[in-house]
Amino acid sequence: MVSETGNLLETKDLMKWFPQRGGFLNRAQSYLRAVDGVSLTVRRGETVGLVGESGCGKTTLGRTIMRLTDPSGGSVKFEGKEISRLRRGALKPFRRKMQMVFQDPYASLDPRQNVRSAIVEPMRIHGITRSKKESNEFAEDLIDKVGLNPDHLSRFPHEFSGGQRQRIAVAIALAARPSFLVLDEPTSSLDVSVQAQVLTLLQDLKQNLGLTYLFISHNLAVIRQMCDRTAVMYLGRVVEYAPTGMLFENPKHPYTVALLSSVPIPDPRKRGQLAVLSGDVPNAVNIPSGCRFRTRCGFATDRCSSASPPLVEIEKDHWIECFYDIDFGRRSKTELAS
Amino acid sequence: MAEEARNRNSRTGRWADVRYMLHLFRQNPIVLAGAVISAASVIIALMSGLLVSSTYWNHITPGASLCWNNQLIDWHIANVFNCGGPVYPLGTDLYGRGLLQMIIVAIPVDLQIAFEVVASAMIIGTVLGGVAAYMGGVVDEIILRATDIFLAVPGILLAIVLLVVLGRTIPVLTTAVLITWWPFYVRLARSQVLSEKEKLYVERLKATGASGPRILFRHIIPNTIYPILIQGTLDIGAVILTVSALMFIGLTPDPKYPELGNLAKQGIQYIFTAPWMILFPGLTLLIISVGFNLLGDGIRDVFDPRLRR
Amino acid sequence: MKLIVYAIRRLLLMVLVLFGLSILIFYLTRGLLPPNFALAPYVTPRMDDAARLSIARSLDVATSSCPSYTAFVDQQAGCIVPLWGQYFKWLTNVLSGNWGYTLLPGIAGTDSTLHVFFSRFPYTVELALTGAFLAIAIGIPLGIVSATHNNRLPDHVARIFSLGGYSVPQFWFGAILQIVFVLYIRVNGVGLLPASGALSTTCTICFADPGTIGTFTGFPIIDALASGNIPYFWDALVALILPALTLAITSIGALSRIVRSSMMEALRQDYIILAQSKGLKDRLVVYKHALRNALLPAVTVAGLLTAYLLGGVVVIEIVFSWPGVGNTALVAAEVLDINFLELYVLVTAVIIVAINLGVDILYAKLDPRVTY
Amino acid sequence: MTAREEAGPILKISDLRVTFHTYAGDVKALNGVDLTVRKGEVLGLVGESGCGKSVTSLAVAGLLPPNAELESGTITLAGADILKMSREEIRQKRLTDIAMVFQDPMTYLNPVLTVGSQLLEIITQEPKLFLPALVRHRLEEIGPEGKEAPALAAERERLLSISRGGRPGRKEVERLARQYVVSTLRQVRLPDPEKVLDMYPFELSGGMRQRVMIAMALVRRPKLLLADEMTTALDVTVQAQILQLLRELRKEIDASIVLITHDLAVVAEVCDRVAVMYAGNIVELAGVEELYSDPLHPYTKGLLASIPRVDSARTRQVSIGGSVPNLLFPPSGCRFHPRCPKAFGKCPQVKPPLVEVKPGHLVACLLYEE
């Protein structure tokens, strides 16, 4: 895809299938193919967005990269080292470098643990600080970095508002001094006015600490504001991956086009322009043959149902998984050489 | 809406539980009664040795057998025998021992067995259930099937078999009741841990690199302990009832043994001539059991966030 | 089709559990007691030592190399078959119904354990089922009333009632009922209700001479009806009142508590708000929308309750001198009739496990969301 | 547009104050809400969590939880004051006039009852109320007298006799209700409605469940439709489908719609007028284009500025500082003053009234007092 140098994270054909058990012996009868062959690169220092509708596998992909669940196939390389099959002990140094922030900040905090203890815990686990004093100083430094004050350290999660809780979750994630953060819908449960605060905080932290983000969201607007490059997922696969501006200005995959044009815009003068994609997302257990989007695609041909489309670099850094280069304005298509 | 607002309030913070408990006591005095009764029974049990000599139960006063000399209650039964002498406020039993003294000696016996059984069942249940739920797979299956085996027999039957085979002693009785009780706690702890381990903070801790035992014992179990403690409080009463029932049906170390069920057993033969003999020990059991049950119910309400308004 | 697969799987699991239980019971009764206890139900007093030794050998308890009965009783080295070796013979005997002779006083050696057990078991079943029926019939409505009148008077009354029932010692409550209905409420010189036994003729509302009935099923009530003997049927029914009531009152709590909490849970759900917003009458909201969901857990508890009462009636049978297996179990315990206790444990276990299975299948039928 | 603006109000709420009594204290959820909904319009009610928008709609439907206290105010629906009605009268209103659609169709549909059972019960509990509509609907379906099959002619005769006062049997009512419900399901563009009736909610997709919930509202031909976060739980593509349905439906039905949401983009897409709520007050109310092009209240301005936009390139987010106040201890005066960049001396003391500063544009802010 891209040159090896500068890639902090690289997945190749990554798969996560969940067995659907049943029958007499409770054997796997079929598989829910949540992540079904994803190849993705994240360069050092960039923010990569992962966008898609619920059930497209974006969260599972994040969890698989974080090794919160074991991949069913494919590889994950972090700093060039294969981590998808490492055992607990060997994985620990990578656990330190990769941290995750979750959607629901309240649920992601242990309700019986105060903020200080929660922030200090990762330092202990990874032996980052040597003394209690040092831990406390680092904790105070972190809580300041995320925009709270040291008084907050002795309080419990339920004493905070949603936005403050998410700041705390970020502080905890930073406590292990990671270089890479997976942000799984970090602002989805927050109010609009608070969402903007947290997004700004994340941008500032990235700049100041030189972090790399994988930003998972269903919210296209947030993705556009936050990410350098964006991958669009549909039914367990990345169907389009491009620099964010390019993806939003000039989407090439019919699903991306449909997704973008179904987002309402907060401007009444632009109302009535929503394009409606009909039907529902197929079940991830019975994935359509060939191109998995063909059942809802307005440009589908016989070829789409017989073979899986290849991943094509349609312009520099702009990858799509489609047989055709479609001109959406003129509704015409030209076949792509694979 | 109200929920949101409350969560955001730093002033309600850590004192919320305490304040809510006081609120409940105000709203529901029955809970308070439960707390008072259970506290009183524990205090009586602790002070038992000071009130009545612990060897009192082994004395026999032949002349005072089955008599009633408390003028406050007239039983309207023809052959109630007044033995004179010192006043026995609750009458005497077959061996001429004052029933009140016997009850005071018996309360700590029952409570001690109950606390031992419940505490051991809670520890065994939490550890086994926690490990089963957290590890899943084969470990879970084995522990679960083991509880199935014990849950397939009515507890009292298994206890009878054990007492018959191993002898009628208090340690055997305690063990027998424990053997019928632990599976419930394994099931309870397992289901609690199963739902708790799906919570996001567990996922976060895994991502942080925390080890399994750390997550289970430092985070999950402390967060799931309340339902288990509540069940423990509720079970104190149930265990006392089981123990006294086993004693009542005759599985006692000694016919004179000071235990409430055993005291009641002597009374059943004299139910129509000396009704106090079964009445008061049974009433004591009822009061203690009600006390702990009310307390457990009350604590459950305190820690059930869905009931809060 | 899928349900059948599920049921068969559960059935196999059930066999596994019963197998495990048989090992447990075997270990408790054979592993912890001296080996000659195993012999007791199979020998008669007139047998000499040689005959006893050969029976011990045929039961796979004594080895073929054991020189004498005395050596066997003294547990000499090499005389006793290791436990795991004894187990399979024991299991074969148990499964083929060879439980030996009863050791119960009075009939020891003259009647088989199996026959004694199954001639008395119907009395226990009759009492347990009546008790369970009453508990379910009172407990479920009580729980509903409690939930729909949360924290108001009916709730308090229902809670005290169920909590009291849950907390009261069974033997004591039974005795109090006896005192009240036999000693204090007397009509025509006898108590209003019979104090004990499965057929009492000395109470106000009893027939003095109910006559006799044939034995068809072993259940007195059913047999009385089958014989067309109404006075006998009535007396048998009246005798059930106090023990069944005691059983019911002390078990209601378990059921009404779960119904109350699951009903309150259901009433808090979002679908209740939607039902109300549709303008449905309260009756429809409570009994159609909430109750359908709340009864699901109640089904499980009601099934379990019925199953456990079969073994849990021991105490009540003793208080009311009920001629069922629970009462007999205590006598068996006195004379160390281990086989009777084993049989009792295993039969109730089979029933409990079977009811569990039935409840799970019923649950799966009632809840459309359950997949197997 | 203008015809709509001149139409009279279907709903008028004035000075509505609601307090929730919780063990932690009193939550002053609504602090004097004034709002009118005109006939046939789609009104957007926007605000962040806890601002009282859902409480307002529950109050209108008479569905506030038992620990809520109505301190003052009137809610007039088509001339009748809802707050003065008995429980039974409000229930009747819910059955015929006010319908609600909720956020998460998974939890709001009863999981153990079929879709059909949950739809049909609305009609079958009081069939008399719906009978004329059922008969009229079926007659329309059969069409005018002509050369149809004799079975249909016989049915028309039967229906006509019912409409003249004849009493139909139970079976007949159920059959009519089923036909009526099926056509309503068709109206919400649900494919294969006959089959859907026998399905359980968990067997449907999120979008289909939301359509079922909308059908439950439409069956009653309501005058007022309160849609509470109707599209929030849905994916964007499904949301687009539902928004399109809503736009089409408003031409077909003559209900006023109150769209309660936190999403200003959804409001911009379908609403005629917008009311912005903050901490229990309406702070601004205007026509949708007016509000987006010329917001007056500092909160509305902040809110509009803090929405990330999909149609513009990367910019640094602008945000309102602080967070939504805890209504156990609401700020004095203007409840927004602690977060307001333009707050001045009077703000903590005086609660600003909602005043009309431009025609049709109301704002509750002391900056705009004459």
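Note that the chains are named A, B, C and D in the order they appear, and that numbering of residues resets to 1 at the start of each chain.
Quick note on the criterion: a residue touches a chain if its C-beta (ideal position, glycine included) is under 8 Å from a C-beta of that chain, and two chains touch if they have at least 3 such contacts.
Keep in mind that this is a model prediction, so the values were computed, not measured.
Peer 1: Please identify which chain has its centre, taken as the mean of its CA atoms, farthest from the centre of chain D.
Peer 2: With centres defined by C-alpha atoms, farthest from chain D sits C.
Peer 1: Any idea which chain sits dead centre by C-alpha averages?
Peer 2: B
Peer 1: In whole angstrom, what separates the CA-based centres of chain A and chain D?
Peer 2: 34
Peer 1: Go ahead and note the Å separation of the Cα centroids belonging to chain B and chain C.
Peer 2: 23
Peer 1: Quick check: how many Å separate the C-alpha centres of chain C and chain D?
Peer 2: For chain C versus chain D, the centre distance works out to 56 Å.
Peer 1: Taking each chain's centre as the mean position of its Cα atoms, how many Å separate chain B from chain D?
Peer 2: The mean C-alpha positions of chain B and chain D differ by 52 Å.
Peer 1: Hunt down the residues of chain B that sit against at least two other chains at once, touch-wise.
Peer 2: 8-9, 16
Peer 1: Among the residues of chain C, pick out those that touch two or more other chains and give their numbers.
Peer 2: In chain C, no residue touches at least two other chains, as defined above.
Peer 1: Chain D: which residues touch two or more other chains?
Peer 2: 49, 323-324
Peer 1: Touching chain A in the complex: which residues of chain B?
Peer 2: It is residues 7-10, 13-14, 16, 199-201, 203-211, 214, 219, 222-223 of chain B that touch chain A.
Peer 1: Would you pull the chain A residues touching chain B in the complex into a rising list?
Peer 2: 63, 66, 68, 88, 91-92, 95-96, 98-100, 102-104, 106-113, 121-122, 125-126, 155-156, 158-161, 169, 172-173, 176
Peer 1: Which part of chain D faces chain C closely enough to touch in the complex?
Peer 2: Listed in rising order, the residues are 61, 63, 91-96, 98-100, 102, 104, 107-113, 118, 121-122, 125, 200, 202, 213, 216, 220.
Peer 1: So in the complex, the part of chain A that touches chain D is made up of which residues?
Peer 2: Residue positions touching the partner: 53-54, 161-164, 191-197, 199-200, 203, 218-222, 224-225, 244-245, 248, 258-260, 262-272, 274-278, 280-281.
Peer 1: Residue numbers of chain D touching chain A in their complex, please.
Peer 2: 48-49, 205, 207-208, 235-241, 243-244, 247, 262-271, 288-289, 292, 302-304, 306-321, 323-324
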